[in-house]
Amino acid sequence: MYFKSTFFGDYQLQDKRVTLGRTITETDFVVHAGHTGDFFPHHMDAEWCATQPFKRRIAHGTMIFSIGIGLTASEINPEAMSKGYDKLRFVKPVFIGDTIHSEITILEKGESKRPEYGTVTEHVEIINQHGEVVLVCDHLLVVKKKSV
Amino acid sequence: MYFKSTFFGDYQLQDKRVTLGRTITETDFVVHAGHTGDFFPHHMDAEWCATQPFKRRIAHGTMIFSIGIGLTASEINPEAMSKGYDKLRFVKPVFIGDTIHSEITILEKGESKRPEYGTVTEHVEIINQHGEVVLVCDHLLVVKKKSV
Amino acid sequence: MYFKSTFFGDYQLQDKRVTLGRTITETDFVVHAGHTGDFFPHHMDAEWCATQPFKRRIAHGTMIFSIGIGLTASEINPEAMSKGYDKLRFVKPVFIGDTIHSEITILEKGESKRPEYGTVTEHVEIINQHGEVVLVCDHLLVVKKKSV
Amino acid sequence: MYFKSTFFGDYQLQDKRVTLGRTITETDFVVHAGHTGDFFPHHMDAEWCATQPFKRRIAHGTMIFSIGIGLTASEINPEAMSKGYDKLRFVKPVFIGDTIHSEITILEKGESKRPEYGTVTEHVEIINQHGEVVLVCDHLLVVKKKSV
Amino acid sequence: MYFKSTFFGDYQLQDKRVTLGRTITETDFVVHAGHTGDFFPHHMDAEWCATQPFKRRIAHGTMIFSIGIGLTASEINPEAMSKGYDKLRFVKPVFIGDTIHSEITILEKGESKRPEYGTVTEHVEIINQHGEVVLVCDHLLVVKKKSV
Amino acid sequence: MYFKSTFFGDYQLQDKRVTLGRTITETDFVVHAGHTGDFFPHHMDAEWCATQPFKRRIAHGTMIFSIGIGLTASEINPEAMSKGYDKLRFVKPVFIGDTIHSEITILEKGESKRPEYGTVTEHVEIINQHGEVVLVCDHLLVVKKKSV
């Protein structure tokens, strides 16, 4: 974890970075339920899940989002600010023991309301050990332009 | 936490529900950093934060989203499935000691690809103790129609 | 989780409510040990347990009580106050992977010292996935009478 | 933490042991809510609590019971088995920052159904930094008699 | 956990104490990563580990040290102060499901700079369920002499 | 967090790296006690600590070591292996609210038993917000030489 300034002009469309992986454990399920208060049986009741289509407990969507985004948190860019996310979709379930990583691609660049800033959209894919995308979203950044 | 079937036809535009509140603690900051691996100084280094515009540690966006959504997790609707979220925006920072709750309004209803389902969009506002919206998002649901 | 006033007169003997289930995980064992400081080998040492009658780690009694009671925490009754518990008994061991739920029956009603209140006793059974009662207790409430 | 055999005959009425203390932190509140799923505003919403008689968040009863009993977990007696608890009463609220310890007195001894065992009742008082009892209960043990 | 004064003269070379055991769980791995921020794939990515010599996730060295030393924390000696550790070596990997305990031997005694104190070196071995030493270190104490 | 090969020849004596900071919270104290089982009153009992020389709860030595080392975990060097630590010393107490960071200097290089490896000693200083060293240790690495 370290600071590194990356200005609007430094972002290149289609540039891609790939994070390391992390195995999602039963512990993560229990921690996320306790952290958020969401104890729905889909995540917490193995007996009930055995009677449902997926047969197993499935991860909270908010957890896969939070951990998948957390995996990208290594370089701190003091020139960028996160505005939010668009098109967050839960594509496939994640089960206990799955290993996920994130892939981030620079999707779009645009002008901001304030002329000294631009907007950058990163497309994030969270991918399991079978190479299947389990969650996608677009991360919206506002990034400072290098002053001339 | 209990099951209650709510079909597509039961969702009424503009219907609103309001959750109870929860105080965001320093513990939540530490748990979320440890859960996601995001130890950025914005959330974890009080000394560095004192030199920044907000002067204080600010909550992870993914935490406010996860806890704010978790607050809505009381009634389980077996007829509905979460597809994802749109227009998730971090509107204001959340600090240690702030108390948030969520307000959910039925925003839109539409047809789904599969005729026996409809789509429902819930607008979610996460609001602090000053009545300020700190995060907004639109929750996309696919909901079964009652079979005739 | 929501507030709903239930007055002394509203409690009906033999009324029963049943909670959803929750699978007790190895994580819960570790969290409870760390939360309470009770690291007895019965809960924490799989090798030693293998030499004992149950062959496996068994859950802390205080954990099954706390989680079983926690499962009942959905409706907040502002007219009732918890005085305590009687006849709490550890009936059967709970193992990692067991799924428990709680069943609460209104057992007794009585007069309180203060005439505007009555006492209500709820009988709580915590039950595993085999339908076996693992813990019982009587929960003592003091409940306001509806003023006329 | 160590094993030490104490037989039925070794328990002396009125013998008393006193544990060390432990400060109850906001972290404990958050951990207990997450562990049990009980996020009632009495424990988790500082703003709402400010409008209530105690003005502050109060500890979960099950937490003070679990931690107070946990404080007694140092000597493991392989001759004794915990049957349960009687007369568990929440006497006073516990607030963030309070420091509690436990005092255990041998209250009663009796015969068991099985002649090679006796019953021992320990009276447990959990006491705060002002010397006030906050929780009491009677712990019921079945203890082996020393074979002659 | 209790206080007991042990003075410099009371420490006998070669005296040895052996702690109870504790099974190292996947939960401990996740907690330690979250506590320290060390999410290296050696500890957190089961898929990557399967391609490495040990084939499995291995415990953080700092965790085995912290838990192994924690196992020794039962008797508090108010006459002794911990200065630090020497010759801490990670001898063998610890895997999820291993059970460790600690053995502490009084290795050396010496004079301190201050005449009313002496130095005591405890040799600590952390040992798994196969009797293999997994970590060793020397704990350095400064201990008060009994005043005459 | 990323992989980057650094061979024995690449380590330069006196090279130094400095980590970002992290504020040590009451939560960290509670988590570390629960993780290790060390609930000594020095860390957990604010009332008792108020009667002692430091007046406040002081951090576990193993926690400052684990977190301070954790702060250095960003670049994974697949050519290096950690053997252990020497001269670990607790220099000053760390209190709730202190902010620490780590500074790592290449102190020594030497030959290993196996000719294709060398040994590298990193001197680690953990430093608080006042610039005071609170813990030091020497980290021993075995590092592969670049094959010619």
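Order of writing sets the labels: A, B, C, D, E and F. Residues in every chain begin at 1.
Just so we're on the same page, a contact is a pair of C-beta atoms (placed from the backbone, for glycine too) under 8 Å apart; a residue touches a chain by one contact, two chains touch by 3 or more.
Here's who's who by UniProt: A, B, C, D, E, F = Dehydratase.
All values derive from a computational prediction rather than experimental measurement.
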Number of hops, chain C (Dehydratase) to chain E (Dehydratase), where each hop joins two touching chains: 1
Chain separated most widely from chain A (Dehydratase), comparing mean CA positions: D
Identity of the chain that, by mean CA position, is farthest from chain C (Dehydratase): F
Reference interface C-E: repeating pair among D-F, A-D or A-B with over half of contacts shared: D-F
Chain centre separation (chain A (Dehydratase), chain E (Dehydratase); CA means) in Å: 38
Chain C (Dehydratase) and chain D (Dehydratase), separation of their C-alpha mean positions in angstrom: 16
Numbers and ranges of chain E (Dehydratase) residues touching at least 2 other chains: 1, 20, 22, 26-28, 31, 34-35, 37, 39, 41
Footprint of chain F (Dehydratase) on chain C (Dehydratase) - complex, ascending: 31, 33-35, 37, 39
Of all residues in chain B (Dehydratase), those that touch chain D (Dehydratase) in their complex: 1, 20-23, 25-28, 31, 97, 99, 129
Of all residues in chain A (Dehydratase), those that touch chain C (Dehydratase) in their complex: 26-27, 29-31, 34, 37, 39, 41, 44-48, 57
Residues of chain A (Dehydratase) defined as touching chain B (Dehydratase) within the complex: 1, 22, 28, 31-32, 35-41, 60-63, 65-67, 69-71, 73, 76, 82-90, 137
Complex interface listing, chain E (Dehydratase) residues touching chain D (Dehydratase): 1-3, 19-20, 74
